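One chain, chain A, appears in both complexes that follow, with chain B as partner in the first and chain C in the second.
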Partner chain A sequence: MEKAEYEKNEYDLTKIMEEEKDLPEGTYKIGFRSVTTKGYRIDEWTGAWVATALIYQIVTGIIIFFYYSQVDPYRATEYIIDDVPFGHIILTSHLYMAYAMIGLVYFHMMRQWLVGSYRGKWRWLQWILGVVLFLLTILTAILGYMLANTAIAMAALHIGLLFMQRSVLGRILPGAFINWLEGILVGNYTTTATFSHLLALHVAVFSTLMLAIFAVHFMLFERSGLANDDKTEKGKMIPWYPTNLLYAVFSAIIIIGVIIIFAAAFPQKLTLGYGSLAYGTFPVPDWYITPVYKLMDVAGYGLSTGGVPLIIGILIFILIIPFIDRYHKKGVLERPWITAFGVYLVLGLAVMTIWGYSQPGLTQTRLLTEYLWWSLTLISFLPVYAMRFAKKDGDANAN
Partner chain B sequence: MQTKNIIYLIGVIQLVVVDPLMWYFTQVKPYAYERYWAITLVINLFLFAAIIFMIMQRTIKERV
Partner chain C sequence: MNKGNNAVPEPERRAFLKGAGLSVAALLVGGLSFERYVVPKDRGIPVMDNYPLAILEDPQGNPITVADVEQYAVSSTATSANILVFNYPLQDEPTFLIAIKGVKITTPEDSIVPTSGFAPVSPSSKAPMTGVIYDPFNDISIIALSGICQHLGCVPPFLDYHPGKSIPFEAQLVGYKTNGTGVFEWPTNGLIYCKCHGSQYNPVWGGSNLYNNGAAPSPANHSLPQIMLATNNSPDSSLDDPSTFTGSYIFAYGINSKNAVIRTHLQYPGGQTYGPQVKKENLTGGTAIPTSTQSIPSTIYTYKDTPSNIETGAPSSFDVNQVNGSVVLYKTVVVSNSGPWKGNFHRLP
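Now for the complex of A and B:
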């Protein structure tokens, strides 16, 4: 007897990625894109590396979550490191992958900035969601770093609270709103409440938001395709399955392998606990916070020119760059001031990170600050315009 | 040598050399050599990566 359509099962799983034909009208079709060999250029895969880091963080995070306790967070961390089987490797690789993730996010952003891939039908939205993901990555990292209840972590929490109260946020937004935010962050200030809140924010709220926004970000990428002009050519397309998937798995294994080697070779040492006698030690935050930390030293806490409005301004600028960049061409030297400003931001970030790490908490004079920023401006803008001039000159001579 | 044979060779190395080492570090001497276990795990992962890389090269060659 002939089986009805709904009774037939497909057991050949390799056919799962085949294109679905005869879709009903009005179906919204999103598939994984095929690419030409151009798509295997290594800089097209920076996003895949960040996604690898995100997935690794989720997996190791779930494992750590089973052993963590918000009642005595410092002891729980010590317990994970000393007593849980493979605990110190899992915890250290969770930390190192977070570092790698932040570095890769910066790299991913820088690449898209220079290539100018934030312009296009839906690419502007992809860029904006990407900036939101960047912020969520940093915030989740900071929350995770607070969870160990070390002296430095609590210093970071207190600075965060001070920021909310004293900076432009606390002075402009109504006090009740800031109190409400504080309530979300630390609850009633007891250790258990504080760490319950931080844990919930770290493992549930921010991570879930990140995963959800990442899904949309990735879906938009699959819609728009690669940033370089990857024209579809009949007969030359390499299917997503299995080749693209293999490429992604290959790069994922390399990244995870490197991180695990580092975690095994240089296990994390837990710094002094909060409330222990930490006289004479000066709090130095993790490297991804030092630029902000140093910017506060350099720019001060002023309402209009201080560090906080400066950071908010830079972030808004980065967020709306798709609408600011009005150049007609796509090349790096065809969009000179955008490129130069990108270089300026990267240099500024690097200088502030190193400076913040070597001289934490040392207030700078106005003169030194001005000297730093103007020299950075010169270093970033001059070469770009000089190269542009040289290129134009060369092209003119060639003709 | 054919790709197929290299993949088989890597598989044999994994089964004969790397996997027994991992078994030793976790089952024979548990807890004592966690760092070495992690490194053998990475070696194993990299061997898998080599296999994946070769399969990928072949699928690209077949299509283009």
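Now for the complex of A and C:
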């Protein structure tokens, strides 16, 4: 009898989920890590929610892509809403999931900020990739918002182009660079060229980049594990399959369900199309743009001269926070000024969002702005240091 | 470091780093030359050599007359105004067509910009501004001003003309009051107000930016460019009678570089250009407006503030776009927010 050249087929599919033990030397392993019960606390799942939103956006985005046309984008959007089966709910849920995704990205980011999980072996890199993903999320959202060719979307495009030209980007960097960037963004600026470019950037370039960087971000997470989990507890680890998988799937289903309910209850209304005239109307930009906008406005020295460097400065600060944070202990009150600054960012974002959304076009006085920032500083720093003092005092008394 | 059999020996790692460095350097150099392939060849190339001579038409394709526009004339007591917009000099470059009753719009001078208070100075003794159609029989000025805000490029309906008795809500928030009530009163003939960031332009001053003369600073750096208009009959009653004048067609023939820095186009880097470069700068990166089947008028008339008020001549004597030595007549459609001209300047009917 001849020796069989093939391995036997395995028809028991459940064995796919079994751990692979004897891998040949030099194998690179990407694992799905098991965690203890601590890993099933709800604040450990903020990343999973963002990932859910990303996957949902890709799926609904592909469906919308079938019906979109860059030749007459506004009519194409009307067509998707009015004539495509389930078009209105798919488009609306695509919009609402984008809102949710941005909100969840902020939540995810601020959670890691306060917990301080951006330090450790690979965690600094995971944080930096996370900030890049945050930027890509916002940019992809803005591109998607422009694709409908509404009046407000084109105002955003014009303003974006002018920011590129008149801010530090256009004034300090060589002219060819901005020409190149604009060539990528709008081509030769005819309607079809503009929307072909915006579409390609939205559906292919930025989303693929996001997916690829997300894969690395996620892989780094699986390498490092949970920031506050005890990895050495023998016998207490819960296997990844099926617990973790089911937990992820169920939380994804809940989020998608909530978004679909909202999409059905509050279907999106398409705002005024670009080029149409209406007396006294004033569409407002989407909520995730208004805080950035308001911030640039209240920075003083003009939107492009003062605002663009301010936004770039804040982003760089967030990017390098793993290297700025020099505290030795973990914990919220053990890293007081980082925590206080995190609270400051959260409050500032909330205030800027509400203010920007209610009064988007009004320039503020310098005095009002100063009052605002100093009171925000006080509100965020004072309680943190007070609580830290109280905690130390309490610990000292307990001992 | 070097534990186990899989560790990379030191010299190999150095070689790897060298290779990686070289690759990155090559990519950078290659990326620089890549720029020309990404940027379309027609970027920055003017689509026509000079400003077009364009006849103003309604959405049905009929030339509009001075009398047609005068129906939309607003007086100082108007509580709202119809927005009239046409594309000029290229497609998708909205321009306001504004008719104001009881005002003769003249070239603004530095001296008429008030240092205090807010009432426009009446320049009744002066000749109308270049490129403004002034109907002396009905006392109506028709002015065309770029509808692209000089601050960050917002277009109608964000940028919008609000006549005397209609202060936009946003302008009230920054402190404008109805006229006759305070220092920062809404001017008698209103303002063009941008709801994006509160830029303010006065149409009676030929679209001049208010800078710091308004209730709140106007963030725009320049005044609104003025598109010059002409008619095919004379407003001089010794040459043509009033009804002939009001029945004449309206032509746009260029941009007045005297009162405003021109930067209607948004897409080319370093977009703010002064002087003779303005034309080329202004006509790049868009689509030309369509040509008209109407016959080219033999003579066109326009106001010229100096020296003899009315300038007249064959279209070829004006500085307009010519192809192979002859003037081409283009057309542009006037659309409105209501009425028979209701339409969309971006997507024409």
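For this structure, a couple of remarks:
Methods note: the second predicted complex is superposed on the first by the 380 of 399 C-alpha atoms of A that agree within 3 Å, B and C clash if a C-alpha of one lies under 4 Å from a C-alpha of the other, contacts with A are read in each partner's own complex, and residues count from 1 in each chain.
Convention: contacts are C-beta pairs under 8 Å (C-beta built on N, C-alpha and C of every residue); 3 or more make two chains touch, one makes a residue touch a chain.
Remember, it's a predicted structure, so these values are computed and weren't measured experimentally.
Once chain A of one complex is fitted onto chain A of the other, the partner contacts of A:Pro242 are limited to chain B, with no touch recorded for chain C.
Residue contacts after overlaying the shared chain place A:Asn397 against neither chain B nor chain C. Between chain B and chain C, the partner in contact with more residues of chain A is C. When the shared chain is aligned, chain C comes close enough to touch A:Trp180, but chain B does not.
Of the two partner chains, chain B is the only one that A:Thr37 touches; chain C does not reach it.
When the two structures are aligned on the shared chain, A:Ser276 is found in touch with chain C, with no touch to chain B.
Once chain A of one complex is fitted onto chain A of the other, the partner contacts of A:Leu161 are limited to chain C, with no touch recorded for chain B.
Of the two partner chains, chain B is the only one touched by A:Phe86; chain C is not. In the superposed model, A:Thr14 lies in contact with neither chain B nor chain C. In the superposition on chain A, A:Ile260 contacts chain B only, with no contact to chain C. Contacts from chain A toward chain B in the complex involve residues 37, 40, 85-86, 88-89, 236-239, 242-243, 246-247, 249-250, 253-254, 256-257, 260-261, 263-265, 267. Within the complex formed with chain A, the chain B residues making contact are 30-31, 34-39, 41-42, 45-46, 48-49, 52-53, 55-56, 59-60, 63-64. Interface of chain A with chain C (complex): residues 25-26, 72, 74-75, 149, 151, 154-155, 158-159, 161-162, 164-166, 170, 175-176, 178-180, 182-184, 186-191, 193, 272-282, 297, 302-303, 359-363.
Listed in rising order, the residues of chain C touching chain A in the complex are 5-6, 35, 38-40, 42-44, 80-83, 85, 92, 94, 152-158, 160, 168, 170, 173-174, 194-198, 216-217, 219, 266-271, 285-287, 335-338, 343-347.
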